[in-house]
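In what follows, chain A forms one complex with chain B and a second complex with chain C.
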Partner chain A sequence: MSYNAPVRDIAFMLNHVVGLADVAKLEGFEEATEELATAVLEESARFTSEVLGPLNSVGDAEGATWDEDGVKTAPGWVDAYAQFVESGWGALSFPVAYGGQGLPMCLSSAVQEMWHSSNMSFGLCPLLTQGAVDALAHHASDEMKDRFLPKMVEGVWSGTMNLTEPQAGTDLAAIRTKAEPKDDHYLITGQKIYITYGDHDMTENIIHLVLAKLPDAPEGVKGISLFVVPKFMVNDDGSLGEKNDVRCVSIEHKLGIHASPTCVMSYGDNGGAVGYLVGKPHHGLMYMFTMMNQARHAVGVQGYGIAERAYQQALAYANDRKQGPTLLSGNDSEGIINHPDVRRMLMTMRSSIEAMRGLALDCAAAFDIAAKHPDAAVREAAQRRGELLTPLVKGWSTELGVELCSLGVQIHGGMGFIEETGAAQHLRDARITPIYEGTTAIQANDLIGRKSARDGGQGLNELMDDMKSVLEELKASNEVNLKAVAARLAPAIDAAEQANEWLLGQNDPTQPSATSVEFLMMHGRLAGGWIMARTALAAVAEKQKADADDAYLDAKTLLARYYAERMLPLVESGKTIIMDSAESTISLDIAQL
Partner chain B sequence: MSYNAPVRDIAFMLNHVVGLADVAKLEGFEEATEELATAVLEESARFTSEVLGPLNSVGDAEGATWDEDGVKTAPGWVDAYAQFVESGWGALSFPVAYGGQGLPMCLSSAVQEMWHSSNMSFGLCPLLTQGAVDALAHHASDEMKDRFLPKMVEGVWSGTMNLTEPQAGTDLAAIRTKAEPKDDHYLITGQKIYITYGDHDMTENIIHLVLAKLPDAPEGVKGISLFVVPKFMVNDDGSLGEKNDVRCVSIEHKLGIHASPTCVMSYGDNGGAVGYLVGKPHHGLMYMFTMMNQARHAVGVQGYGIAERAYQQALAYANDRKQGPTLLSGNDSEGIINHPDVRRMLMTMRSSIEAMRGLALDCAAAFDIAAKHPDAAVREAAQRRGELLTPLVKGWSTELGVELCSLGVQIHGGMGFIEETGAAQHLRDARITPIYEGTTAIQANDLIGRKSARDGGQGLNELMDDMKSVLEELKASNEVNLKAVAARLAPAIDAAEQANEWLLGQNDPTQPSATSVEFLMMHGRLAGGWIMARTALAAVAEKQKADADDAYLDAKTLLARYYAERMLPLVESGKTIIMDSAESTISLDIAQL
Partner chain C sequence: MKILVGVKRVLDYNVKARVNADKTGIELANVKMSMNPFDEIAVEEALRIKEAGNAEEVIAISIGSAQSQETIRTALAMGADRGILIETDELLEPLAIAKLLKHVVEKESPGLVLLGKQAIDGDNNQTGQMLSAMTGMAQATFASKVELDGDTAKVTREVDAGLESIKVKMPAVLTTDLRLNEPRYAKLPNIMKAKKKPLETIAVADTGVDVSSKLSVVEVNEPEQRKAGVIVSSVAELVEKLRNEAKVI
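Entry: the complex of A and B
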């Protein structure tokens, strides 16, 4: 099944809902006009549909392979990556100083959706490089930046993030990898697991960012330092030197993303891998946190990106496949899209994807404002907003993405279970997204703790206030669909405020932790409804223009209504679940489970 | 991961909630005492955990294989099947007249849960044989029954159901397989797909039940006839004759149940396969429908059976895996089961499985009463109840089963995505259950149409009345958990009654069809809450006994409360979704999807 990027929908969201024009007013983002955005999106659509999309099923079937010499990617991938670098796709959001294009995150996120829709396994390589570039750009010395960043931004070197060890996943305090000082560098020894693109054949060098402990490290998370460990040593003139003492010892056999090698990395089998300390000793975890918002956001984009692909495939099938007389067409010569339940599934997919996309782009725009706005108070509020929305983008969009990919299988009926159809691959691929870069529980803890309780609910209250403003706009309209959205948004906001109040009133974190994922999902669904309400308001406003495409704009309004009627009731029940089930969740004697 | 059948929980449900003792009062079921049931369950537990369970991952990794000579099952399967036959497991529920043991369906269903928990791919072979036996027992001539049934009941021959063709899945009216009369039989020609165990090496013969059209068949579903087509001809003395003109031309590469061969069957490549008409011409679909309730029920049992396996695996991991200090233990030397969110996921799995198990067994007991009760009015009401609950058992338990298997993956974190862990297999296997034997949409249509609208809501109203009686019992108690269950059951019943009224008030089926799956899920969740309420009442009553195991019984009550607080709020939101979103679901111009 081919992929066609939904350029028009993405552009509508950027221009009419998220407010790209406001972002383009900021110093440094002036180039990000509607015209440039459209050109970038169209070019990205061409590249992803023509180059990356066709490799998706090949990658699944062939996978990455390992032997003693390292990892080989699937047929066609080396060439596709070369084209990716050639076109500069990896450099969109990076600083101009290091060869990047300095575009705002809201636009680069919009482009990245297309990577993951067309080929999520492929998209992971630049996603990880981006994370590594972020960490270095924020925390490395100028000398280190000059040595590594230009090639990484260009994409001719890729980057990895080495956090997890067998005994240390969610709990990074437990890592055992060691760094011993030696001359101007350190010798790193230890094993890391789940290293995405830890080895591969698409770039001439790989720059590993590795968490390790110095000999004098204090116990726990405050004793972790961050190191750069290149696969090949980099000489002062930028040329590559000897191979470093690091190798991939195996790759995992996984449920999905077969083409993305998930590596077990061994550092220091022959005395120690040469590593360079990033920033100050013992600050590694803090440095990781500064880039984590962006990495988590990127995984959220994967969540709806893969759902978009599943949607396109299911839609095509539902149009083609004929099966009995359908209620919505009255005859049996039309596709199953005319069965009301198939329509329900497609509407659920489509409206949810728009809601998730809008939320992710809105969150990215908040980070753009936080980065560049001249007013410190505005920057601070925008940063608070971006950080609050990030766990929703990551947690809600990935959980919902899995559900939608499962609906995509269901629409195919028996064909959905047959691998060659391709629908099942999307479900298999999507299933990792609620796990990596912090499980949904981690996102939920972040939401209720760092992002809510810590600031006394300031960020949440500001968000609720923005939602209430949108609700007032809806109420002021007589448009029937806007009124229907308001009818469901109003009780949903009420319910969320009650849940917020309950959360903020708890002294002991145990009960909130027991329903924190419900809390995250409730706020994700509600935030999606808020985005869709804004989409509907924008569509109604656009209809006033002379050359308006009424059918397209009416669909936006109707999708917002469907979303409100299908998803926002779950915010109301979510409140009850959060407040009522917390106690019983944690009351059972473990022996009885 | 080994499987240990939850004998005590199953027996508790049978004896204290579903009322096995009442079933055992019926003529023909006298042997099904609590003692016999316990003995059967314990023996089945031993067989499934020792023989079938260990083959589950082998089956997934090796799969069934095809070559020109036919299908070979995975290593160890032929021997395991021989033991299965030897122990008479396939014969439990079949008529004594044909070598069966004549046990009630509620007990045989309890046993079958263990087949599917231990090895769903294996369990499918006897599941299909059972369907074929049912169809023949109800509709074949005595001569045909005598010829085929004893060996099928014994299990030395297996059975298949051949319905689907490439153009005819949900819409069976579109089948093209032909049956031409020839002497005392018919010659069958055509291709059938998705034939579970259409060929394999575990039995000496395979008896195919095949839907086909006679030359004079009227158009549509009223022109379909049912034929028996044996793989090997059966001589008058019962010995096997020549191979029939039927073969498996390929097997599918599927997302899951790799060890269950899904065959493309070709009939009549060399002139026509010999087939025998079952019952009257053109009545094939009706005959299929009479056995469909049972087959759908069996797939519902698979839904929670596979979830039970996923639960056991996740529970073991959550006890073993240590990852940071946990809120519920206060230290980091305890398993992640002490993280509140892990507890939430395990509680959701455990309580949902008990609810689904109870509903399936309650439904089976209704069919037992319908089959044997001396009072015709009781039989009729029980049949109505069994038929009403069947789409809930099939649709709700399979959809929820997939969700729970996905939670099982999530509990494992990154390990869940690695195939060798085994958690992912359960998700892959489970994913077929909402599709085969009628998709969830088909179950939902059955529920709102044949099972609700057609009888003016009689069956639904009787069910609501039974739920209200249970609610009164809860309200009469001062036990804190029973009161908590009542607090959530009351508004849920109200909400369902409003949705029922809405459904029955619709003249046009289009809107109800648009939210029929929501309607099914709402009633499934509610029925689960009703079962759990009865479980809690039974546990509280059992606690009055002298030798009561308080810890075990308190856990039952608490699980019921958790279920009510976690799942019943979704019944309330379900009502809103059903009534509010039906119109917008079907209003979008297809061109805008």
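Entry: the complex of A and C
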């Protein structure tokens, strides 16, 4: 089943809800006009649907393979990646100084949705390169940036992030990889696991960013340093030299994303891999955190990106599949889309995807404002907003993405369980997204701790205030669907405020921790409702214009109403769960479990 | 040498065409529009000729509403050097289009004019031939291969009987067939540069060309729905039905 990028929906969200025009007013983002965004989105749509999309099922069936010489990607991958680089897609948001286009994050996120919808396994390679480029751009010396960044920005070299070890997953303090000083560099020894695209045949070099400990490292997370370890040494003139002492010793067999090689990397089998220290010693984890928000945001985009693909497939099937009389059509030979419950599933998918897309783009725009706004106070508030929304984008959108892909299978009935249909692949692929780049529990901890308790709820309160002003706008309208949205948004905001107050009043973190994921999901659903309310307001406003496409705009308003009526009541029940269920969650004796 | 390439904004090839409410044409309001696929091939061929060192400039021209600028920008993003829009809100017939192109040909003196063999909206397959006749330029239509040699172009044409190779003297009008090439994807840096490339807009009135319609559309209708087939039990029955029901033998 082919992929058709929803260019119009994405552009509507960017232009009328998120406010790309405001971002384009900032110095450095002037290029990002509506006109340019349209041209970029349309060409990206063509590329992803024609080049990346058709390789998705091939990648799933054939997967990446490993032998002594390294990893080979699935058939067609090398050629597609070459076209990707040739077209310059990887460089969209990178600094102009290193060959990037310097476009805002909200536009690059919009483009990246298409990578992941069309082929998430493929999209992971540039996603990881982006993380590595961000880390180097922020923390490496100029000499190091000049040596590595231009080729990484161009995409002819890819990047990886080497954090996890068998005994050190979420707890990075436990890493054992060592770095010994030697002349002007370090020798790295140790083993890293779960390294996405740790080895492959699509680029001439791979730049590994590796967390390791120096001999004099203090205990714990304050003893971790960050190193650059190239697969092939890079000579002073930029040419490639000897192969470094790093290799992929195996790849994992996984539930999904078969075409994305998940590597076990061995450093220093023959004495030590040459590595270069990034920034200052013992600051590695802090450096990683500066790019963590962006990486987590990118995984959130995968969450709804893959759900969009599942939705397109389910929608086509529901139109096509005929199964007896349906209640919503007078005709016995109409598709199962005319069953009310199939409609429920499709509406849930469609409206949730729009809500998640809007939230991710809104969050990205906040980071854009935080990066470029002339007023320091505005920058600070925008940064606070972006950081607050990030765990929602990552945690909520990936959890919901999995649910929606499951609905996609459900709509197919028995055929959904059969691999040839392709519906199951999306569910299998989606399942990793709530796990990597920090599990949902990690996101929830981030939300209740770093993003809420630490600033005494300032960021949360600002968000609630913004939601209340949207509520006032809704209430001021006579439009029937807007009134319906307001009717559900008001009690949802009240409920969330009660939950916020409860959270901030807790001195012992145990109880909040037991219901933190519910807290995250509640805020995700509510923020989705806020986005959908803004979408509906924008649609109603657009309808006033001459030549308005009424059918399209009315659909936006009705989707917002469905979302409000179906999802926002869960905010109210979520509040009850958050405040009342902690004790029973943790009080049972382990022996009885 | 300059190459002039025609790019027409048409209903996107993925969109199912529907007849409009008053049955005067296809519904074009709020549907996705994009460059005529045959014209994409023409742009690609022009760029390849330029990249091979056989042309200095590729000019993309469109005749249509202000939105046709987007189609020209697409050609500029692929690599064309500048654009010309002859702006009109009317849907012009091939004859009027050919006359307007002639007006630009006289001004720009291109060595080659590359056009799609037809646009997927009207399927007329006339403009290139008319332009050739009016300008006296040679014509080579349905091109599936183009080789330039000095001031001649050797063109392989896709005709009913197979492939026909002809040589034409330039300046010439070439119309492209589907197998000529595979159009490139626009590169991101070029999409950004396209915004800054020159795009000249000319009003139809300023050309002095008579674009009045010589044809009138009586009515546009959806093609008749195909009826379900029947399975026949023998060749004899098939022959009988073909003779007596279908009356085709």
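Note that the second predicted complex is superposed on the first by the 593 of 593 C-alpha atoms of A that agree within 3 Å, B and C clash if a C-alpha of one lies under 4 Å from a C-alpha of the other, contacts with A are read in each partner's own complex, and residues count from 1 in each chain.
Methods note: contacts are C-beta pairs under 8 Å (C-beta built on N, C-alpha and C of every residue); 3 or more make two chains touch, one makes a residue touch a chain.
None of the values given here were measured: they were computed from a predicted structure.
J.: For A:40 in the superposed arrangement: first (chain B), second (chain C), both or neither?
T.: second
J.: Now for A:70: first (chain B), second (chain C), both, or neither, which partner does it touch?
T.: Neither partner.
J.: Does the superposition put A:91 against chain B (first), chain C (second), both, or neither?
T.: After superposing on A, A:91 lies in contact with chain C but is clear of chain B.
J.: First (chain B), second (chain C), both or neither: which does A:436 touch?
T.: Touch partner of A:436: chain B, not chain C.
J.: With both complexes overlaid on chain A, does A:414 touch chain B (first), chain C (second), both or neither?
T.: A:414: touches chain B, not chain C.
J.: Of chain B and chain C, which one touches more of chain A's residues?
T.: So, of the two partners, B touches more residues of chain A.
J.: Please indicate which partner A:101 is in contact with in the superposed arrangement: first for chain B, second for chain C, both, or neither.
T.: Second partner only, chain C.
J.: Just chain B (first), just chain C (second), both, or neither: which does A:552 touch?
T.: Both partners, chain B and chain C.
J.: Counting only touches as set out at the top, which of chain B and chain C does A:31 meet: first, second, both, neither?
T.: A:31: touches chain C, not chain B.
J.: With the touch criterion stated at the top, can you tell me which chain A residues are shared between the chain B interface and the chain C interface?
T.: Of chain A, residues 551-552 contact chain B in one complex and chain C in the other.
J.: Of all residues in chain B, which touch chain A in the complex?
T.: 164, 167, 169-171, 173-174, 193-194, 252-256, 315, 319, 322-324, 327-328, 332, 337-344, 346-347, 350, 402, 406, 409-410, 413-414, 416-420, 424, 427-428, 431-432, 434-436, 439-441, 444-445, 481, 484, 488, 509-511, 513-517, 551-552, 554-555, 558-559, 561-562, 565-566, 569-570, 572-574, 576-577, 580-581, 584-593
J.: Sort out for me which residues of chain A touch chain C in the complex.
T.: So the residues of chain A touching chain C come out as 4, 8, 31, 35-36, 38-40, 42-43, 46-47, 51, 83, 86-89, 91-92, 101, 547, 549, 551-552.
J.: Report the residues of chain C in contact with chain A in the complex, numbered from low to high.
T.: 14, 29-30, 32, 34, 70, 73-74, 77, 185-189, 191-192, 194-195
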